[in-house]
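Letters A, B and C name the chains as they come in the text, with residue numbers starting at 1 for each one.
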Amino acid sequence: MGIKELWHRLGSPRWFFEMSRRWPWIFGGLALLLLLSGTLWGLAFAPADYQQGNSFRIMYIHVPTSLVAQSAYIVMGVAGFMLLVWRMKLADMVLSAIVPFGMSMTALSLFTGAVWGRPTWGAWWVWDARTTSMLVLLFLYFGVYALRQAIPRQATAGRACAVLALVGTINIPIIKYSVDWWLTLHQPASFTLTEAPSMPMVMWMPLLVNVLGVYCLFGANLLGRLRLEILKRERSTQWVRDVVLSGRT
Amino acid sequence: MSFDSFAEFLAMGGHGLYVWLAYAATIVVVLANVLSLRLARKRFLREALAVVRRKETAQAAATEANS
Amino acid sequence: MKLFYGQLRREFIVMFESLEEVANPLVFLFLGITLFALATGGGVDALRDYAPAIIWVLVLLANLLSLEGLFRRDYEDGTLEQVVLLAQPGFLPILAKITAHWLFSGLAMTILAPVAALILFLPGSALPVLVTTLLVGTPALSLIGSVGAALTVGLRRGGVLLALLVLPLYVPVLIFGAGAVLQQMGGMDTAGQIYWLLVISMVSLTVTPFAVQAALKVALEQS
């Protein structure tokens, strides 16, 4: 199937729904596998960090969730772009499907960051570059959520959120740069909670596994919510009625 | 294994509270996400099925009335 | 260009008709400063170090107040469609509206900044930087804020939602703006920040009118 045909097909939520039947399960299974092994490895088998001791093991959650939180928003922005420019219905649904998981990952990243910071550096919270941009990201997610709730009409809400997500995505690098530049200036002893440049492989391998696992989890959750959203929005069509009746969802 | 005993594993060299707090929060959040999705799906399917059934009986009644 | 100036003239007429509305954000700015003075005991030491932060944050918030009404009037009397949909190119009247907004809020606050600096005991040497950052940064505030205003026009309780949507996007401007003044007070060079503010304003100028246009089209759909 060529790109053009794929593009055309993507305009049909029904085609996507039928094609993606197995996907949530595949991604979910992969996620489970990866996260279980990565977490076990990181918790029990990786050596303790000689500076931080065992608290560094929180990194195996903190880093993956931070990465997904940011990527998810960018996917929202891209979906917004596709909705506005090509009126792709599927893009609208992707946008609304991402918000819950994206927001929870952002919140989790902030929480685990705080929990990591307390035993390691003595403070629950620091206004450093990373935590501050993550907090702003949380506000950006909340904005998309709040805007959707505030607009009663489905189609309008979708496109309004698309504009907002797109503007937010364009702003993310600017926000990150400005926060990074300014706050590391303010706090020269900044605690960078991410990978020290020289981490032995036996320490970052489980991290890689967990990162992949969380991305698979994101994929599974997104696909699950997306498919439900498709059913909801197309509920008045015959094919959805057939699907509901047959129970093969 | 980086730990000599399970007790040591739990204690995490004194950082046990924080490590397990973080991991527990993660499990809660992930489970909440998965469960909320399942719940929403079940609810939708239930409602949609009810609507479809209602329509079918209405249709059946209509065709009966016409014949 | 006639499109631009025509709209601009219309904006001026409306503004002059209700000058109290125009004054609101400015009054808010000084009211806020007063609150800070009261809350901190008003001492020179207490206020001086925070003067840049206080002024900049209040400028952000005051901007939000006036942004709310940016499209509301036209939306309510139905002329918004003409402005947005029928004008060719559509972004010119929008740009005119934003310009008018900036003239009466951002620029006005920049002109009043020396007074604010005085009552907050900002060192005189930092004043030029304060005025420069405000001059260069407030256009970005009007531009970015207008996207939020367009997205929330016609919504009940749009005001709070507007703040929620726009303030995160204001973060870079705040960081560079307040940061520059603080740098100046610390005796360091501030050219970098001012350039960044300029960049943000320029980028906003090129991008936001189209975002506003898209957002207004979306908003008008639902009426």
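Please note the rule applied: contacts are C-beta pairs under 8 Å (C-beta built on N, C-alpha and C of every residue); 3 or more make two chains touch, one makes a residue touch a chain.
These figures come from a predicted structure and were not determined experimentally.
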{"item": "Chain centroid nearest the full-protein CA centroid", "value": "A"}
{"item": "Relative to subunit B, chain with the most remote C-alpha centre", "value": "C"}
{"item": "Distance from subunit C to subunit A - Cα centre to Cα centre, in angstrom", "value": "32"}
{"item": "Gap in Å, rounded to a whole number, between the CA centres of subunit C and subunit B", "value": "44"}
{"item": "Whole-Å gap between the CA centroids of subunit A and subunit B", "value": "18"}
{"item": "Per-residue overlap in subunit A, given as positions that touch at least 2 other chains", "value": "none"}
{"item": "Residue ranges of subunit B in contact with subunit A within the complex", "value": "1-3, 9, 12-16, 18-19, 21-23, 25-26, 29-30, 32-34, 36-37, 40-41, 44-45, 48-49, 51-52"}
{"item": "Of subunit A, residues touching subunit C in the complex", "value": "84, 136, 139-140, 142-143, 146-147, 150-153, 155-156, 159-160, 163-164, 166-168, 170-171, 174-175, 177-179, 181-182, 185"}
{"item": "In the complex, subunit A residues that touch subunit B", "value": "39, 43-48, 53-55, 57-58, 61-62, 65, 100-101, 104, 107-108, 111-112, 115-116, 118-119, 217, 221, 224-225, 228, 231-232, 235, 240-241, 244-245, 247, 249"}
{"item": "Subunit C residues within the subunit A interface of the complex", "value": "144, 147, 151-152, 155, 157-158, 161, 164-165, 167-169, 171-172, 175-176, 179, 196, 200, 207, 211, 214-215, 218-219, 221-222"}
